[in-house]
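To keep things simple, chains are lettered A, B, C and D as they appear, and every chain counts its residues starting from 1.
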Amino acid sequence: MAVRAAVAGASGYAGGEILRLLLAHPEVEIGALTGNSNAGQRLGALQPHLLPLADRVLAETTAGNLAGHDVVFLALPHGQSAAVAERLGPDVLVVDMGADFRLQDPADWERFYGSAHAGTWPYGLPELPGARARLTGARRIAVPGCYPTAVTLALFPAYAASLAEPEAVIVAASGTSGAGKAPKPHLLGSEVMGSMSPYGVGGGHRHTPEMIQNLSSAAGERIAVSFTPTLAPMPRGILATCSASAVAGATADSVRAAYEKAYADEPFVRLLPEGQWPATASVHGSNAVHVQVAYDESVGRIIAISAIDNLTKGTAGGAVQSMNIALGLDETTGLTTIGVAP
Amino acid sequence: MAVRAAVAGASGYAGGEILRLLLAHPEVEIGALTGNSNAGQRLGALQPHLLPLADRVLAETTAGNLAGHDVVFLALPHGQSAAVAERLGPDVLVVDMGADFRLQDPADWERFYGSAHAGTWPYGLPELPGARARLTGARRIAVPGCYPTAVTLALFPAYAASLAEPEAVIVAASGTSGAGKAPKPHLLGSEVMGSMSPYGVGGGHRHTPEMIQNLSSAAGERIAVSFTPTLAPMPRGILATCSASAVAGATADSVRAAYEKAYADEPFVRLLPEGQWPATASVHGSNAVHVQVAYDESVGRIIAISAIDNLTKGTAGGAVQSMNIALGLDETTGLTTIGVAP
Amino acid sequence: MAVRAAVAGASGYAGGEILRLLLAHPEVEIGALTGNSNAGQRLGALQPHLLPLADRVLAETTAGNLAGHDVVFLALPHGQSAAVAERLGPDVLVVDMGADFRLQDPADWERFYGSAHAGTWPYGLPELPGARARLTGARRIAVPGCYPTAVTLALFPAYAASLAEPEAVIVAASGTSGAGKAPKPHLLGSEVMGSMSPYGVGGGHRHTPEMIQNLSSAAGERIAVSFTPTLAPMPRGILATCSASAVAGATADSVRAAYEKAYADEPFVRLLPEGQWPATASVHGSNAVHVQVAYDESVGRIIAISAIDNLTKGTAGGAVQSMNIALGLDETTGLTTIGVAP
Amino acid sequence: MAVRAAVAGASGYAGGEILRLLLAHPEVEIGALTGNSNAGQRLGALQPHLLPLADRVLAETTAGNLAGHDVVFLALPHGQSAAVAERLGPDVLVVDMGADFRLQDPADWERFYGSAHAGTWPYGLPELPGARARLTGARRIAVPGCYPTAVTLALFPAYAASLAEPEAVIVAASGTSGAGKAPKPHLLGSEVMGSMSPYGVGGGHRHTPEMIQNLSSAAGERIAVSFTPTLAPMPRGILATCSASAVAGATADSVRAAYEKAYADEPFVRLLPEGQWPATASVHGSNAVHVQVAYDESVGRIIAISAIDNLTKGTAGGAVQSMNIALGLDETTGLTTIGVAP
C-alpha cells in the first residue's frame, strides 16, 4: 500500500526538490500540495521541471488541506512549522525541512532565531551514531540544515575517533539555491555569476550551533566552530572545507582509518580513494556525499572536505532517507548516489 | 531476464550519460565498459558522478571485449563505429550515438565528413511519423544528433501539417558538453563562462543535412535550412529557436492545433501552455522536450522553440528510448520527464 | 574646463555603468547622483565596484538636485524621463538612457508602451548614416536600446547596400543585466545559471519597432523584423544572430565589401577577419562592437552576427560616445575598445 | 619619453592581462610581443579582446627579440625566466610574473618545484612594510603569486600588529584563469561550471611557502599556514578566507584599528565599512583589493577576507604597480580601482 505524502511549501526550492524525489519513490503517492502566496496556481508555472505534476494546483497551507496523509513534509519559513505540526495527528509522520526542531538547547534557538524554542525532534542525519535507532518508528523528524549535513559528515569521524582538537575551522561554499527563491537583489543572476562572496561571517550564521551540537555529540566534549559560509556562482552544491588540529599521536594512517571505519557501510557516503578530491558537480542531484581527508604534517592539521547537493542530501534527500527509516522501508528507496554531470 | 549492455567510449560525455541512464534502467545489466586512451583506468577517476561503477576498470575497445552482450552502445568519434559494428553479430542490438549511420544520402556524408559513407541505419527519433515501426525489432539504430533532435521536434509539426514555407531559419544555443570532453582552448571554463559565441556559421555545421533530411521527410518536399549554432555558458542543454514563414491561410489557431495534435500522445514531448516558454534548466537531466510555438502576425512567421538536455534526449536518453522500442520494452522504461532544477 | 555631469538613477545597472565610464573620462567631473528608493544611501553599499565614489550619498531625483550641470544622464524607468527633462534648461545636455524618446512614430510607442508618446530626440547611434551631424551640438539625446544597437550594427550595412530582402530574422542572447536590478524570481541566479530561455517571443518585445525604424531608414523601405530575445547565463553581453535573404546578384564578395566599407573608419566597430566570429567575452566592459558576416549559398541568406556589451556600447558607452559628439569632444574620449577577458 | 615595454608569453592569460593594462598606461609604448608555440600568429586570433593590437604578430621568445626595451615582462612557465633574464642587460627592468624569483629560501624552491633555485628578486608587493623602498629603482622584480597577494593583504596587518597566533588557516576560491590557458580536461567549461572543487590540499600548493615567507616577515616569527585552494566556477577573482586565533587581549576594536592603520594610505587596498564583505565581482578587472576583518568572540579567532582579481592585482596589475615604483612614476599610473560589474 502506497505511502501518501503531502508537501507544504511546494513552490519553493526545498518543496520542488522533495517533489522531484517523491516522484521517483516507488512507495509514495503524492497527495496535497500547498503554498501560501502561490495558492491557486498550477505547479507547472512554478516548477516547470516537474512535468508529471504540471497540472496540479496548489492549495493553501492549512491543517485541513494537509490532513489525511501518512507523511507531511514541511518546507516552510522558519517559525511556521510548529503551528502546522500540532494540528496533524501523532500518527502522521511529520518531516520538517526547516530549522524549528533541530536544536536541543533552547538558548541556542533564542539567540540565533530570536523567538521561543518550539522543541526538539529526532534529528534526521542517519549517519550519526545512534541516529538510525532514534529515527526508526519516529513520527516527527527534524531534517538537518544543508551546511551542518556537509560539515558534520566531513568532520565527525575525526571527533568520534578522538583524533582532533576541539576547535574546527570551516569555510564552505554554497550554491545559490540554499538562499531560497524569494527574490532579493544580491541573489540576482547578474550579481552572483562571476562572484564569490562571504556572508554571516564571525559566528553569526544560524547553522553554527547545529554544527557544534553534532560535532560535540560525536566528540563527547564541546567543540568550538569557526564557520564562514560563502556564496558561489552555481545553483546547487556545497563544498565544505573543514580542518582541526590533530591530537598528539595522530597520523595520516590513523586519520584515514577512522574515516574508512566510519563510512565502510554507509550507503550514501563515499570516502574517495586517496588523492581524489570531492567536486560538487559529481553529486549534483544525488543523495551522495563525497568525502576526502588529509593530514597536513607541516601544520599538524586534519583537513576534511565534503561535497553534497544542498537540495538533495542537504535537504530533501536527507528527508526521504529519514522517512524511509521511520517507515521501515529500505533506507535507500527512491534515492540515488548517481549525480547528473557534467 | 536482464538485458546485458556494453558501452564503447565510456569515458566521454555521451558514454557517461548512457551509463547514468542505464544504471537507472530496471531491465538492464551493465557489462563491458571500454575506452581507448583511458583503458586500464578506474571509472571512478573518469566519471566520479557514477558512484556505483567507481571501481569498474575500462577495457580496450575491441570486438572481443564487446562480445557477449545483448546491446552495445557506441559512443565513439565519428568514422569509427562501422568497423566495430561489423564485428558484432546481427542479433546484437547496436546503438550508435555517433553520426556515422544517420544520413541517407551518401553525398551529404561525403561533403560534410570527407570520408566514404558507412550506410544508413533506422533513425532513433521515435516521435517522427513511422519511426516506431521502423525501430521495433531493429538491431541497428542511429541515434540522432543533439541539434537535429531539438530542431526537428520544434519544427516538424508545422511541416507535417503543411503550414510552413520550405525555408527554416534556426539559431540554437548549446551547452558546452555538446563539444565533448577532449580539451581544446576555446572550451576552457575561462573562455566559455560569461560568453556567447557562434560557430559553424553559414551552413557548415555537420548537423545541417540531418535537419534537412528530417524536415523534408515531414514536409514531403525539400526544406532549406539556415542553421547557426552558438555555444552558451552552461554545461548542458539546447535551446533551439526556429522559424519559417507561414503559408497563406495559416492562423495562430491552426498552428497551435497542429502542435497539439502532433504531441498529444507523446510521452516525452510537452507542448507548454500558451504563454509559457521553454527553458533548458527545466529539462536538465531529463528526457523531456519542452516545446512552444507562436504565430507572429506582424511578419507572418511561425516561431517554434524547443528545449532539451543535449546529453539526455539529445544523445543517451534518445538512445535508451529507441533501445526500449527495439527490444519491445515500454518506451519510457528507465527514463524520466523530471528535470533537476534549479 | 571640466564638463560637470549628473546621473539620475545611479543605483541601477545603467547608472552604475555610466558612472564607471565617467570616472575614466578625462573631461568629466561627476556631480549629483540621485536615486529614489535608495536616496540617502552611500553609493559604496549599492555599487561596491565604484570605489572612488564609495562615500558619495544618493540624493533624491528632483530637478533641483539635477540643476547646475552641463550634462544630465537619465537612467530611469521608462515613462519618467520627460518630466525630469522638461525641468532642465535647453542648454543642458540631457542624455536619456531609457526608451522614452527613441521612437519616431507615436503609434509604435503607444502600442508597445501603452502611454502617450513623449517625443523624439536625436538618436545616439553615431554609426548610422547622418547620425553624427544630428548629434553635433545636440542638447537632447536618446540613447538606443541595447538589442537595437547590436542588431542595427549587424545588419544595416547589408540594407544600406541594398543587398538584403526586407525581412530580417533575429535571435539574440543577452546577459541578465539587461533585465535590470529590480529583483524578480526568474532573474535569480538559481534560475538563470545553467539555463537559456526565450521571452517576448512573437513580435512583442519593445525593442522591435526601434530595430524596424533603424533598418528601414538604412534600406529606404520598410523592413519587417522577426525578433526573438533569449536570456543567457552571463551577467553582460549581447550576441545578435541576424539573417535575411540576399537579393538576386548578391555574392559573398559583395556582401563583405559592403561591411568593409561601412566600418572602415568606425572607431568602435570591428569587422573581424574572415573566419573569426564574435564572442561576447571579447567586448566585456568595452565599447567595441565585433561584427562578422557570411553568405550562406545553400539558402541564399546573409548571416550577420554582432557582439556587444549591453551595458557599455549597448547603454552607457553609447551614451558617452554621443555626449562626446554633442559637446565637440573627440568621439572616443574616455572609451575603450579593449575588453576584460577572459 | 615613453617607456618601451616587451611582453614574453603574450598569448596566455597573464600575457593578455599585462597587455590590456599597458594599453591603458599613458607612459608605456608596447614593443615586442613574443610566444613560443604561437609565434607567427596574429594576436587578434589569440587575444580577440585586445582590439588595438589585433594585427600584431607574435615573435619567438628570444633574447634578440626582447632586446632594446626599457621593460620586459615575463609571462613564462616557471623555470624559464632565468635563462631569458640573464640575456637582458642590467639596465633593463625585468618584471617576472612567474614564480622563479619569489622565494628567499632555496630549500623551499627545491621542495616545491623540484629544480635548482634561480635566485631572489625584489618582491613586488608594495603594500608590505619596506617594499616600496626596495622596489624604487629596482631592475629586477618578482611579481607575487595571486593567492599570496590575496592572503598576505588579508592577514599581514594582524601579524604586523602582533594580534594573531602563529598559525593561519586559509581557504581560498579562485577563478579558472588562475590555472592558465593550456587546455586540460578538468578545466573544461563543462567540468567547472556548476562545480566547486579543492586541489593541492594538505600543504602541497606551491604558493604556500610564499605565504609563509610574507606573513612570517610581517610577524617577526615563523607563521604556519594551512592553505586549501579551491576552483570556483568563474573566470576571474580570488576570495581568500583567512583566520587565526587572536592573542590574549586582542579585541574587535584593536583588530579593526590595526587594519585601519595598515590601509589608511594605500591607494589600492580598501578596508570596507564594518558589516560589508568583499565580493570578487566588485574588483573584476581592477587593481583594487577589498578587505574586511571580524573578530569572532565565540572562538577567539580573527577572520580576515580579501577579494582580488587574480589576473589584475594578483598578476599583471601588481606587475604594473611595481614597475611604476621602480621607474619613479606615480604608483597608480595606468591602474584603476574601479571594477567591471555586474
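Brief remarks on what is shown
Rule of thumb we're sticking to: a contact is a pair of C-beta atoms (placed from the backbone, for glycine too) under 8 Å apart; a residue touches a chain by one contact, two chains touch by 3 or more.
These numbers were taken from a predicted model, which means no experiment stands behind them.
Set side by side, A-D and A-B show the greater C-beta contact count at A-D.
To find the repeat of A-C among B-D, C-D or B-C, check which pair has over half of the same contact pairs by residue number; it is B-D. Per-chain Cα centroids separate chain A from chain B by 35 Å. Chain B has residues 13, 175, 177, 188, 190-191, 193-194, 233-236, 279, 281-282, 284, 342 in contact with two or more other chains. In the complex of the two chains, the chain C residues touching chain D come out as 13, 16, 20, 23-24, 42, 44-45, 47-52, 54, 177, 193-194, 235-236, 270, 272-273, 276, 279, 281-286, 288, 290, 336-342.
Of all the residues in chain D, the ones that touch chain A in their complex are 167, 169, 171, 173, 175, 188, 190-191, 193-199, 201-203, 208, 224-226, 228, 230, 232-237, 239, 241, 243, 277-282, 284, 292, 294-299, 301, 303, 305, 307, 342.
Considering their complex, residues 13, 175-177, 179, 181, 183-185, 187-194, 233-235 of chain B touch chain D.
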